[in-house]
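Look at the two complexes coming up: subunit A is in both, with subunit B in one and subunit C in the other.
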Partner chain A sequence: MDKIRLENVSYVYNRGLPFEQVALDNVSLSIRAGCVTGIIGHTGSGKSTMMQLLNGLAEPTSGRVFLDGYDINAKAEDLYEEWSALPEYAHLSKGARKKAIRREVARRRAELCFRVGLVMQYPEYQLFEETVEKDIAFGPRNMKLSEEEIGLRVREAARFAGLDEELLQKSPFDLSGGQKRRVALAGVIAMRPEVLVLDEPAAGLDPAGRTRILDGILRYQRTTGSTVLIVSHSMEDMARYCDDVVVMGDARVLMQGERREIFSHTQELTDAGLDIPQITHLVRLLRERGVPLPENIYTVEDAVLAVQALFAE
Partner chain B sequence: MPELFIHTEDLCFTYDAEGPDAQPALKGITLDIYKGEYVAVLGHNGSGKSTFAKLLNLLLEPTSGRLTVAGMDLTAPSIGEKELLELRRNVGMVFQNPDNQLVATIVEEDVAFGPENLGIPHPELRTRVDEALEALDMTAYAQHEPHRLSGGQKQRVAIAGILAMMPKCIVFDEATAMLDPSGRREVLRTLRMLNREFGITILNITHYMNEAAEADRVIVINDGTLLADGTPDEVFAQRQRLCEVGLEVPQCTELLCRLREAGIDIPGERISSAESCADLIVAALGRHAEKGGKCHG
Partner chain C sequence: MKNVAFGQYYPADSPLHRMDPRAKVILAILYIVCTFLCKNAISFACLVLSALVLVVLSHLPLRLILRSMRPILFIIVFTSVINIFMTKGEHLLTPADWRIKIYAEGLWNALFMVLRISALILGTGIFLTYTTTPIALTDALERLLSPLKKIKIPVHDFAMMMTIALRFIPTLTEETEKIMNAQRARGASFSTGSLINRAKALIPILIPLFVSAFNRAFDLASAMECRCYHGDEGRTRLKVLHYRASDLVAVLLMLSFGVGVFFLNRLGIGPHLS
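Let's look at the complex of A and B:
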């Protein structure tokens, strides 16, 4: 089932000005529910713009964005006719009905930023509270949850993000870069978003830090069955963590599909300014020299098994 | 005999050295880097590698030990404004986040900022800016506003600004961390070109093992001390040690190491690039076939 659907979405910056720039050009796209989808593309291909459309931070210039089949930018006036037939509105007078529908649309709109959690690039620069605990609690508090529930969610989110409980009382500014990044992640996870969208969550982290944050994201996804979108430039990470991959280029979607399918299009990926994982490159070199390996190897684990099998013959 | 460019002896640096929260970041680094070397510096976040870089043009001053760069003793009391300017012309730095490095409102003015401050006269200034933009493939954006560029483009403008100062050495502090694969490839090509054609000494601080594999030499800093120093092949051969300190090796090296651990005989030392790994595996498979594939039983 599709969690998110984009229908002919375009986004233009500085429309009508000399610096007018088309960031998204008639993009149509489906994101499967309960999967990890990687979004890759060269810088300026429209990835970050698209992310901002998903929780209403930006509204498309044209086209529609659906979350669970609901157009997140729908106006009450546009829905009036369709919804008037629904039992919850049909019995109301015309005026009351209009008001009720307006209220419902506004509620859905407000709810959107909790349902779709956005983790921006370098989110550690957005930490601001005195303690890690308060910082993680900021989102849930805005959701007007009870103190008890907030406390529960903070500890749960910290666990997902791999943060020790003893860190909760520290100042976020006394933590290492990797820890700060995970505090920022926990702050979003604490809202228990159905959709978690992350822009380069591992950029600038060392290998151990990368693994820690990506494992945290995967833990959250696997436990809650939520839908995760990760924008990344690391093909190695994408090959390891994603079910599906969307390839963007020049404001359009170039390819979308399952990971295995996408990474087999080596030439198209290179043409789009991207890469294949190094291990896939090595397998290609070996195949070119007549070594009978399968083509679709994207992780070191798979490569070890495949090469081992050759030596066992 | 290659010319010494950077020389350190028991180099130490402590943040807030006088204060109550003194934090030692470098705990005695002794090493020599020669003119024209291409060195990758690895280390986990907080290992001290960026601190090391910032000492090289005195953005930070050493707490103790000796540090000589381009023949200038940076720990000598005689270092004044004039020497500092000379040093910073010689050692350029490119940081991770381009937003923190761009100062002007037009791309070409930003690139001109450095050389202009060095007092480069006009016709030459123009040439330098044009050539630097050309080298980074940003000529088409010369008249653009930097803040409207994408992250990768901004970074290339920042690098162009350093290039235009014609330094002897450029330190890249995770300068490719925010770039896409093609942007990274392009910057890496540029590093190689600057190194090969202009003899510029390159220090590339990075978390990408594939990038480090392209250098002539790899230095690993851990917990403020030197953990490893050698060619990429030599350093990545110490996979276990690297993993213990939160680092990794390139995927092809990882594959070879795991196959060896599984008892498969793949001899050879050139383990850090995909091409050389392919050679080793093909050769080993050839020997395996000669023996009739019976070596396992």
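Let's look at the complex of A and C:
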């Protein structure tokens, strides 16, 4: 089942001005529910732009974005025909039906950013509250949850994001860059989104920080069964964390599919200015020299296991 | 906000774009004086002609120029109405027994005022906004006003502040947008609710914005000090402005246009501005 589907989506910045910029050019894409999908592509290929279309922050210049089969930018007038037949609207008079449909569309629209949680690229700048705890609570508070529930979610989100309990009472401005990043992540996780979209969550962090933040995201995904999209430049991260991979280049989707399938297209990836994971490359070279290793190895751990198995034989 | 380039500079390669910004400031001032010199139909006709020449020389799309007129539409309509109904003259157009009296002089006055205001906006727009980057403009003003340094007015420092402010407006706009988006992604809404709620909704935007603006300011100050910036004294420039022959010709043309208008006003033909 596709959680998210993009149909011929285009997005143009500064339309009609001399510095017009096509950021997405007729992109079609589907994202499987309950999977981790990695989005890679060189800088300026339109990844961030695409992420902002998913939770309704931006509306595509043309084309449609579906979440669970519902066009998130649909207008009430366009849905009127289709929905009139539904049991919840069929019994209403024409005026009341129009009103009810309009209300429902507005409700879905308002709820969208809670269902699709977006952590923007370099989210450190968005913190504003006096304490970390209050900042994480901003999202849940906007959802109009009870204080009790908010407290619960803040603690849960802090755990997922790898924030220590004692950090919660500190000012977010006194934290390190990596810690701020995790606070921002917790702020979105606290809304318990069914789709979690992360724009380069690990960019600019040290290896330990990377693993910590990405492991936390994976833990959230496994615990809640949500759908996760991760934009990243790192093939190693893609290989370790993602089930599916989407390759972008020059405002288009070049390839999409399962990890194994994508990484077998070495040449295309190189043409797109990307790389396969180094360990995969190494294993491929070894195989070419006659070492009988399995082909689909994407992480160092898998390689270690395979080599150990080889020696055990 | 997203689609407005700051300062409305329109990048193109036209004679006006290439002109020295100091010359353009001088030309703009002269042009404003000319619009006020115009007194009769012939000189106003010349003014319209000169405006057309400017439009052609600037290579700006007509659409952009018309759009720049939109904000003053109200003023234009207002002055026309005032002039049409308030001017007293000799040639009554409405029947004598009407309570509202419109004179031919009123119509002419209205037309002249509209032309004057439009030319004013068009001239300053073309010389100073659309063909000159704000940075070049500040630079030009600094150089033109530099004699004031003699009487201890810190022209350079004002110009530097202005340049920095202008330089950071697009950056801050972009940043505001990013922060708004980030907070919107967490369910903040800025356009609904009571006035108090809307004001409160600005807090999550303003605090991060101020924090980052201050950080930027400190960084910039350090960066400037690292490069030994110490004010105006002994500072040389990367982009040195040079007047060219064409700049001189343009200024002379504008001067002769002014003199021409001055003499055309003396011709007693056609309706006058009264």
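Heads up, the rule we're going with is that the second predicted complex is superposed on the first by the 306 of 313 C-alpha atoms of A that agree within 3 Å, B and C clash if a C-alpha of one lies under 4 Å from a C-alpha of the other, contacts with A are read in each partner's own complex, and residues count from 1 in each chain.
Following the convention adopted for this analysis, a contact is a pair of C-beta atoms (placed from the backbone, for glycine too) under 8 Å apart; a residue touches a chain by one contact, two chains touch by 3 or more.
These numbers were taken from a predicted model, which means no experiment stands behind them.
Shared-chain residue A:F19: touches subunit B and subunit C both. Contacts of A:A85 after superposition on the shared chain: neither subunit B nor subunit C is touched. Judged by the touch definition given at the top, the superposed model places A:M1 against neither subunit B nor subunit C.
Comparing subunit C and subunit B on the residues of subunit A they touch gives the larger count to B. Once both structures are placed on chain A, subunit A residues 19 are touched by subunit B and, in the other complex, by subunit C. Interface residues of subunit A, counted against subunit B in their complex, comprise 19, 21, 41-44, 121-122, 176-178, 200, 203-210, 233, 235-236, 273-275, 277-279, 281-282, 285-286, 289, 291, 300, 303-304, 307-308, 310-313. Residue ranges of subunit A in contact with subunit C, taken from their complex: 13-15, 17-19, 52, 55, 57, 110, 113-114, 117-120, 123, 125-128, 138-139, 142-143, 173, 184, 187-188, 191. Across the interface of their complex, subunit A is touched by residues 2-3, 5, 10-12, 175, 178-179, 181-189, 203-204, 207-208, 211-212 of subunit C.
Residue ranges of subunit B in contact with subunit A, taken from their complex: 43-46, 96-97, 145, 148, 150-153, 174, 177-185, 207, 209-210, 246-248, 250-252, 254-255, 258-259, 262, 264, 274-275, 277-278, 281-282, 284-285, 288, 293, 296.
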